[in-house]
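Which chain is which? They are A, B, C and D, in the order written, and residues in each are numbered from 1.
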Amino acid sequence: MTSGPGGGFTDIARDAVADVWDRLPDHPFVRGMADGTLPAPVYQYYVGQNLLYLPQYARAIACAVTKSRSDDELRRYSAALVNIVDVEIPQNERLLARVRDLSGDHVSREVVMAPGTRNYTSYLLAVAGTADVVAIGAAILPCAWSYGEIARRHIGGAVAHPVYREWFEFFASDQYAELEAGMRGRMDADVAGLDPAQRDRLVGIFGDATRLEWEFWEMAIAHGREESGEGAGQV
Amino acid sequence: MTSGPGGGFTDIARDAVADVWDRLPDHPFVRGMADGTLPAPVYQYYVGQNLLYLPQYARAIACAVTKSRSDDELRRYSAALVNIVDVEIPQNERLLARVRDLSGDHVSREVVMAPGTRNYTSYLLAVAGTADVVAIGAAILPCAWSYGEIARRHIGGAVAHPVYREWFEFFASDQYAELEAGMRGRMDADVAGLDPAQRDRLVGIFGDATRLEWEFWEMAIAHGREESGEGAGQV
Amino acid sequence: MTSGPGGGFTDIARDAVADVWDRLPDHPFVRGMADGTLPAPVYQYYVGQNLLYLPQYARAIACAVTKSRSDDELRRYSAALVNIVDVEIPQNERLLARVRDLSGDHVSREVVMAPGTRNYTSYLLAVAGTADVVAIGAAILPCAWSYGEIARRHIGGAVAHPVYREWFEFFASDQYAELEAGMRGRMDADVAGLDPAQRDRLVGIFGDATRLEWEFWEMAIAHGREESGEGAGQV
Amino acid sequence: MTSGPGGGFTDIARDAVADVWDRLPDHPFVRGMADGTLPAPVYQYYVGQNLLYLPQYARAIACAVTKSRSDDELRRYSAALVNIVDVEIPQNERLLARVRDLSGDHVSREVVMAPGTRNYTSYLLAVAGTADVVAIGAAILPCAWSYGEIARRHIGGAVAHPVYREWFEFFASDQYAELEAGMRGRMDADVAGLDPAQRDRLVGIFGDATRLEWEFWEMAIAHGREESGEGAGQV
C-alpha cells in the first residue's frame, strides 16, 4: 500500500506506477546491500555508472534553472543542482574510493556509459530540452524520492557493512528526508493548478522515470555481474 | 566490406561501428520485407512506432536549426526538418493506411511509445539539447543513411509486395540517394577541421545512434510479434 | 480603432500596446516607402538588417518546433520556419539585389548587426530559450502581423515605385493575409485555456516585441541615414 | 593601458573593445558612488534593475551547465551559478534594504525591467540558447570582470559612504579577485586551442557584452534620475 492521505500529484503519480514503485525496495541489488551479500565488484560497477549518471542528472536540473518562471523556482532548482554537484557526486566518489580500498579495483577506471545509464539520462535530458520546468521536476523526482523510500525501508535491518551501511544512512537521514519532502511538496503545489490533461502527462513522465530507475538497478546487477565475474569476492 | 575510398568522417564513423552497421541490411525485419514474409501486423507496429519516432527526430533537427552557425547551416537543417515533416511523416501515414486496408487494423490506434522508440528518440534529443550542431548531425545520420543502404541492397530482389515494395523504392530512389549523399558530404566537411578528440566524440555518437537503430528493428520485430500474435496473417 | 469583435488573445494583446501598435503604419519609414520618398540607401540598410534579423527569427521559431507539444504544433511551426527560410529570406535577397541595381550599392556587403537588430533578435531568442511554445508564438507574432496591417493600410495609395511597391504587394496579398489569420487564430486558441496570470505574461511578451518592432523601424531610418549620408539619392 | 603581458584570450578581447572597457571605471555612475554624490534614488533604481538582471544572468550560466563538456566544466559553471544565486542576489537585496532604510523608498516595489536590462539579459540568454559553453563564458565575463576592475580602481579613494563603500569593498576583495582570476584563466585555457575564426567570434561576443555593460550604467543613471526626479535627496 503506497497510497497516502494527501491526494496530491506525487501520491497520484506514485500510485499510477505502483507495480514498479512498490518493488524498488525489494530489488535484489538493494536487498544485497541491506544483507551485505552484494558482491563488491557489482557495487563498484553501480557506483561507477552512478558517477556517469549524476552529471547528466545535474544537466537536466540546470535546464530547469534556465526555464524557471520565478525567483523562487530559480533558487529551488539551483539548490537541487548544487546538491548533486557538491554533495552527491563527492559522496559517490568517496564510496567508490572506499569500496576499492576494501576489495580492490574490479572495474576499469575508463568506465563506459552502459545502455541503462544512457537510456535513463537521455530521457531526463530529452524532457529537459523539450518540456517545461514542471515536467523536468516530474522526471527527476523518482530518483530522489525512491532512494529515500528504499533507505528508510532497510535502515532498521541493514547489516553493519563497512560501505553499504553508509549508503542507507545517507539516504535515510533526516536531512535527506527534508530535501525529499520539499521536492514532493513543491511538485504537489506546482501541479495543483494544472488541468487533468497536463497532470496526466506529468504522471506519464513520473512513470517513465520510475521504470528507468528500475532498469538502472537491473542493469547494475546484470552488467556488474557480467563485467566482474559472477560471485566475485564480497567486501 | 564497408570501407570506402574517401577516408572522411562518415567512412571512419561507419567503420568504427561496422559490427552493427554491416548487419543492418540483414536484419530479419528487413529480410522479411524483401521476401514478403513479414507479417502485416508486425509491419503495422513498426510504422506506428515510426510515426512516434519521426516527430522527435524532427525536434532534434530543429535544435540544429536553432544552433546553426551560418545561413548555410540554417538552410540545410531547415530542409532536413521539412523533409521529415512534409515528406517522410506523410509517407509513413500513407503506408500505414494502405497496410490497414490490405490486412485490417492489427494495432490499436492509441499507439504507445515503446521503450526502443523512447530510448532512441531520447538519445537524439539529449544530444540535441546538450551538444553542438555537428554532434546533432552525427546523431541523426545513421537513420537517414542506413535506410538508403538497406533499400539499395534489397531493391534488386525485393518481391512485388503491395506495400513493402514501395518502402524499398522510396529509400532506393535517386532522389533519396542525393539527399543522403548531401548529408554525408556536409558532415565530412564539418568534421574535417576538428581535432581528433572532437572527431572521436562524434564517432561515438554515430555509433550510439547506429546501435539504437539496430535496437529499433529488434523492438519492431519482437514487440510487433508479441502485440499482434506470432504468425498473424500476412498481407 | 484597433479593437476587434473577437475578444481573443490577439485582440487583447494588441489593444494593450495600442499606443505603439497603432502608430506602426504611420512610421516615417513606412510612409516614405508608400509615397516613394524613402532614400534608397536607407531602404538598403533596412533590408540588410532584415537579412540579419530573419535567420535569428527563424532560429527562435525552430525552438518552438523543438518544444511543440503535438504533431499539429510541430507541423505549424515547421511551416512557419520554412516560410522564413524559403520565402521571406529569398524575397529580401531579391529586394536587396533590385534596389542595388537601381541605385547602386550604398551599404557595405560586410553588414554588421545593428543594436536595434541585436536587441530584437536577442529578445526573441531569449524567450525561445527560456519559455514555452505559446510564449514563442506571442513573441514572433507582432512582426508577422504588423507587416500585414502596415501593407494593407497603404496598398491603396502606395506609388508605383519599382521596389517599394512590391513590398506592399507582398505583405498585402491574400496569401499573406491567410498565413497571418492562421497565426492569430491559433494563438487565440492556444491562449483560450490559460489562466489570467499566464495570459498577462503573454500580453507582456507581445507588447515587448511590438516595441522592438517600432525600435527596428526607428533604427532603420536613423542608422540608415547616418550610414548612407542624409538625403542621399532616392531610387 | 589595459594591455597585459599574457596575450591570452581575455587580454585580446578586452583590448579589442578598449574604447568602451577603459571608460567603465570613469562612468559618472561609478564616480558618483566613489565620491558619494550619487543620489540615493538613482542607486536604488540601479540595484532594483540589477535584481532583475541577476536571475537572467543565472539562467544563462545554467545553460552553460547544461552544455558543459566535462565534469570540470560542470562544477565550474555550477559554482558560478550558485555564486550568483546564493551570494550576489542576497548581497544586492541587502544593499537595497539598507539604502531604503537610509533614504526612504524612492522606487516602486513593482519594478519593471527597463530596456537596458532587457537588452543585456536577452543578449546573454540568446547566446546561451544558440551557442556553446565557451561562447557563454565570453558573454558572462565582462560583467564579472569589469566589476572587479572598477572596484579596484576606486577602493583607495572611495569615501566612507554608508552603502556605496560596501559595494567597492565587496568587488575589490581578495575573494572576488580570486573568482575573477579563475574565470579569466579558464577562459584563456578554453580558447587557446580554437582557430582564429572561432576566437574572433568570441572576441565579438565579449565586445557586445561590454557595450551592454556600458549601456546598463547609462540606463541606470538616465532612468534612475528620470524616475526619481533629478537631484532627489542624497543618502
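The rule is short, and it goes like this: a residue touches a chain if its C-beta (ideal position, glycine included) is under 8 Å from a C-beta of that chain, and two chains touch if they have at least 3 such contacts.
Everything numeric in this text was worked out from a predicted model, so none of it was measured.
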Labels of chains that are neighbours to subunit A and to subunit D: B, C
Farthest chain relative to subunit B (centres taken as mean CA coordinates): D
Pair with more cross-chain C-beta pairs in contact, given B-C and A-C: B-C
Shared interface numbering between subunit B and subunit A [over half = same, under half = different]: same
Gap in Å, rounded to a whole number, between the CA centres of subunit C and subunit A: 47
Gap in Å, rounded to a whole number, between the CA centres of subunit B and subunit A: 32
For subunit B paired with subunit C, centre-to-centre distance based on mean C-alpha positions, whole Å: 37
Residue numbers of subunit D (touch at least two other chains): 59, 63, 66-67, 128-130
Subunit C residues within the subunit D interface of the complex: 56, 59, 63, 115, 118-119, 121-126, 128-130, 208
Of subunit D, residues touching subunit B in the complex: 66-67, 129-132, 193, 195
Residue ranges of subunit B touching subunit C (in the complex, touch as defined): 55, 58-60, 62-63, 65-68, 71, 74-75, 78, 81-82, 85-86, 89, 128
